[in-house]
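Presented sequentially are two complexes of chain A, the first with chain B as partner and the second with chain C.
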Partner chain A sequence: MSKNRSETAANDDPARKQRLSVLAKAPADRLKTLWDAWCVRSGVPDHDILRTPEIGTVMVRGRAGATGAPFNLGEITVTRCSVRLSTGHIGHGYVQGRDKRASLAAAMIDALAQSDQADAVDDMVVEPLQLEAEANVASRAAKAAATKVEFFTMVRGDN
Partner chain B sequence: MYVAVKGGERAIDNAHTWLAEERRGDISVEELSIAQIREQLALAVARVMAEGSLFDPDLAALAIKQARGDMIEAVFLIRAFRTTLPRFGASEPIDTGAMTCDRRISATFKDVPGGQVLGPTFDYTHRLIDFTLAATGELPPEAQAGEPRTEPTPHVTEFLDREGLIQTEEDDTKTPRDLTREPLDFPADRPLRLQAIARGDEGFILSMAYSTQRGYGRNHPFVGELRVGQVAIEMDIPELGFAIDIGEVTITECETVNQFMGSKSEPPQFTRGYGLVFGHCERKAISMALVDRALRWEELGEDNVGAPAQDVEFVLSHADNVQATGFLEHIKLPHYVDFQSELELIRKLRAEAETAKAEEDASPFQEAAE
Partner chain C sequence: MDTQSSYEGAFASPPTDSAQAFRAAMRAMARPGTIEAIAGARAPEPFSEAAASLLLTLCDPDTSLYLAGEHDNEAARAWVGFHIGAPLLPADRADFAVGTWGALQPVSAYKVGVAEYPDRAATLIVEMPSLERNGAQLSGPGIKDTANLNLPEIGAFQANRRLFPLGFDCFFTSGQSIAALPRSTRVSDLSAEEAA
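For the complex of A and B:
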């Protein structure tokens, strides 16, 4: 099943999109820790590097008035890398920041996730990262909720 | 004009070695780590990222350390580093309506859907020095938790827009001009102006905004909404054939609602100013919105009252602190050849003046005689 997925992956594979998004936004240290744990358990997969890890930027755009014409707000650093496993599966890793090892890990995970290792790598790496990200969002949202106020306007000439 | 000079290598090397020593300061005091700067001087980091126009907290923290806390020097380092990197592409325009909000307030609607959320704010603090922060070791009390909001927070201006009371922001598919790829050129359309203000000096933008409040091009702003939070950055990846989130940034967004009596071309309605900045920086976001609104006088058919904040060339040409500091500080570098010629000129003029005066003194009655 997973192999079939790799062949049809080209156009909008929601699971792959979701996985790559989680990897890109994950803290680099956590991603590397979980990837190292995978490698300890299953070994480093045989692979060729198709694109050596490369640090670059992406220009972030906003919109005038939140909904209007796009404008260039500023850039973010991004590191990318591509690998091919000996099984033939190709993986692309994009991570925010400047960590080359993290981009390599992301590419390897993307490639593995298209092989019969998909469920295992999701369980061991992607899902924990996603849960941690969700917990972080929930924790901030909870703190924000505690600062929600009700303002009362004072009525004048009430006496 | 600056003319190259030779020599002084040893003195320069020694100066830089001493600089490194001064940067470190008293070695009996523990050294600052990048993580400490990133976590505990987060607003300084935010400012360097906003004006450096590159969101990378670790890099900004390092720049602050290297610059010994000189913010403009740190911004300069970030800008210089950025030029060494290839650009992979541009993101989809961020959807601030979908961002998570640490803070979200409206000064116009008390009962705004989504609520007034104060977040971690200096507002309502007493601005008294807190000496307990000087005593180390104690952890602050943990922030209280409430019932987290899971749905996105709608923009306040949407409600006015629905009633047609505020000017709509039309989408535009045009690729925005980019100041980092082409020199600033006039006329500057709104996207270009917003980019320039977003990376402009906070102090300068603040002063420009303040000048409009004091009457130099008043534009009657209300803070319709101010929000701070995290938003995902989505980009199309060609080798995948679809878009993924390639990162997440903290941003501050301000939308002002401005009184507008109508003009020759526009009906009476509220108009907008817009501020968007990397990191948590409310002063800059609000200032940006006020200056954006002031610069829109022409498209809204308003009068140009000759206020500095309405002058797009003035504002945009002087907003960039790296440019400004580069030109300003270069005058301290050797100008010996330049000055030598000035010196010779002054000597010559003085000599001529003295000769003329001597001749005049020698014949005091000549003038009268004539």
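For the complex of A and C:
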């Protein structure tokens, strides 16, 4: 019963949500590079694969103008995987694209982040990915902002 | 413990294992009365390995499932949720039902299809203590002369056969073996015939 409760708590954990979001959106190559670096430093954690990496699609929904009614934008390819570490922590990895190794890495990171190595894995893998993602968004926004046109109305004489 | 084991039991190699399991299920259904080997998946108690493998092979989020009797427990629901994603529905709306013959009663509750779409019928996965080639006598499509299988009951399958082309189909599972009884098979009581 206590396990059930702790698992529910883990599912509602906003930090985990954020971490999984970063992992899901990260470029597969960067994710794998950072994960390999972790493995070189700490070794590949002992794990059982609960669900072998499998490729599928999920529907992405959007809102017109980010505020309108939701509509189905289209399907994207997603690879998912679930692992259990020898410590008993279960991790689920969902990543964009067809990269099975990246989904395995994401699942391992999710599992490690629930263990006592959470801070280390956050520092080495998740933080860099998050910063890169934020930098990407910022530079895109800056490029878009540079093309912004300011409209203003000339005051007409008879007003 | 339960939440842990609910994550386990998938096929080790899903493409090949599920293809082999499907092959076994297809052969069993094509030749009623034969007993095929099916294995590879594990589900929480009281599911047999054969029933778990069959569920992983046949069910997905588009096929509804009914868990009958002791097969409907917390661990089993979690297992189905993680590995299959099939919606769990009551007996009269489910595409597949799993349980012992006693727990699946009354069998008149299950979908038998409609005249335009006889395929919209339920498939029952009946957990058995053992499967043996004796007992009720089977004849019909896929059986050269006659075959025998230890069916849990005879009257229900005779009534089901009378609905043909409607009716439910059955798989029987025990340990790592599987047998099947499609709605097209005629069932008769061997002992009654011998007595006559």
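Just so it is clear, the second predicted complex is superposed on the first by the 126 of 159 C-alpha atoms of A that agree within 3 Å, B and C clash if a C-alpha of one lies under 4 Å from a C-alpha of the other, contacts with A are read in each partner's own complex, and residues count from 1 in each chain.
Basically, contacts are C-beta pairs under 8 Å (C-beta built on N, C-alpha and C of every residue); 3 or more make two chains touch, one makes a residue touch a chain.
Keep in mind the model is a prediction, meaning the values are calculated, not measured.
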item: First (chain B), second (chain C), both or neither touched by A:Glu54; value: both
item: Touching partner for A:Lys143 - first (chain B), second (chain C), both, neither; value: first
item: Which of chain B and chain C A:Arg101 touches, first, second, both or neither; value: neither
item: More chain A residues in contact [chain B versus chain C]; value: B
item: Partner chain in contact with A:Lys17 - chain B first, chain C second, else both or neither; value: first
item: Contacts of A:Ser82 with chain B and chain C, given as first, second, both or neither; value: both
item: Chain B versus chain C as contact partner of A:Lys32, first or second or both or neither; value: neither
item: Residues of chain A at both interfaces, chain B in one complex, chain C in the other; value: 54, 82
item: Touching residues on chain B, where the partner in the complex is chain A; value: 49-50, 52-56, 58-59, 82, 85-94, 96-97, 100-103, 110, 115-121, 143-150, 155, 157, 168-172, 174-180, 190-192, 194-195, 198-199, 230, 232-233, 235, 237, 239-249, 253, 255, 272, 274, 276, 278, 292
item: In the complex with chain C, residue positions of chain A that touch it; value: 3-4, 7, 50-52, 54, 82, 84, 88, 90
item: Footprint of chain A on chain C - complex, ascending; value: 1, 3-4, 7-8, 10, 13-14, 82-83
item: Parts of chain A lying in touch with chain B, wherever the complex brings them together; value: 9-13, 16-17, 20-21, 24-25, 54-78, 80, 82, 92, 94, 96-98, 137-151, 153
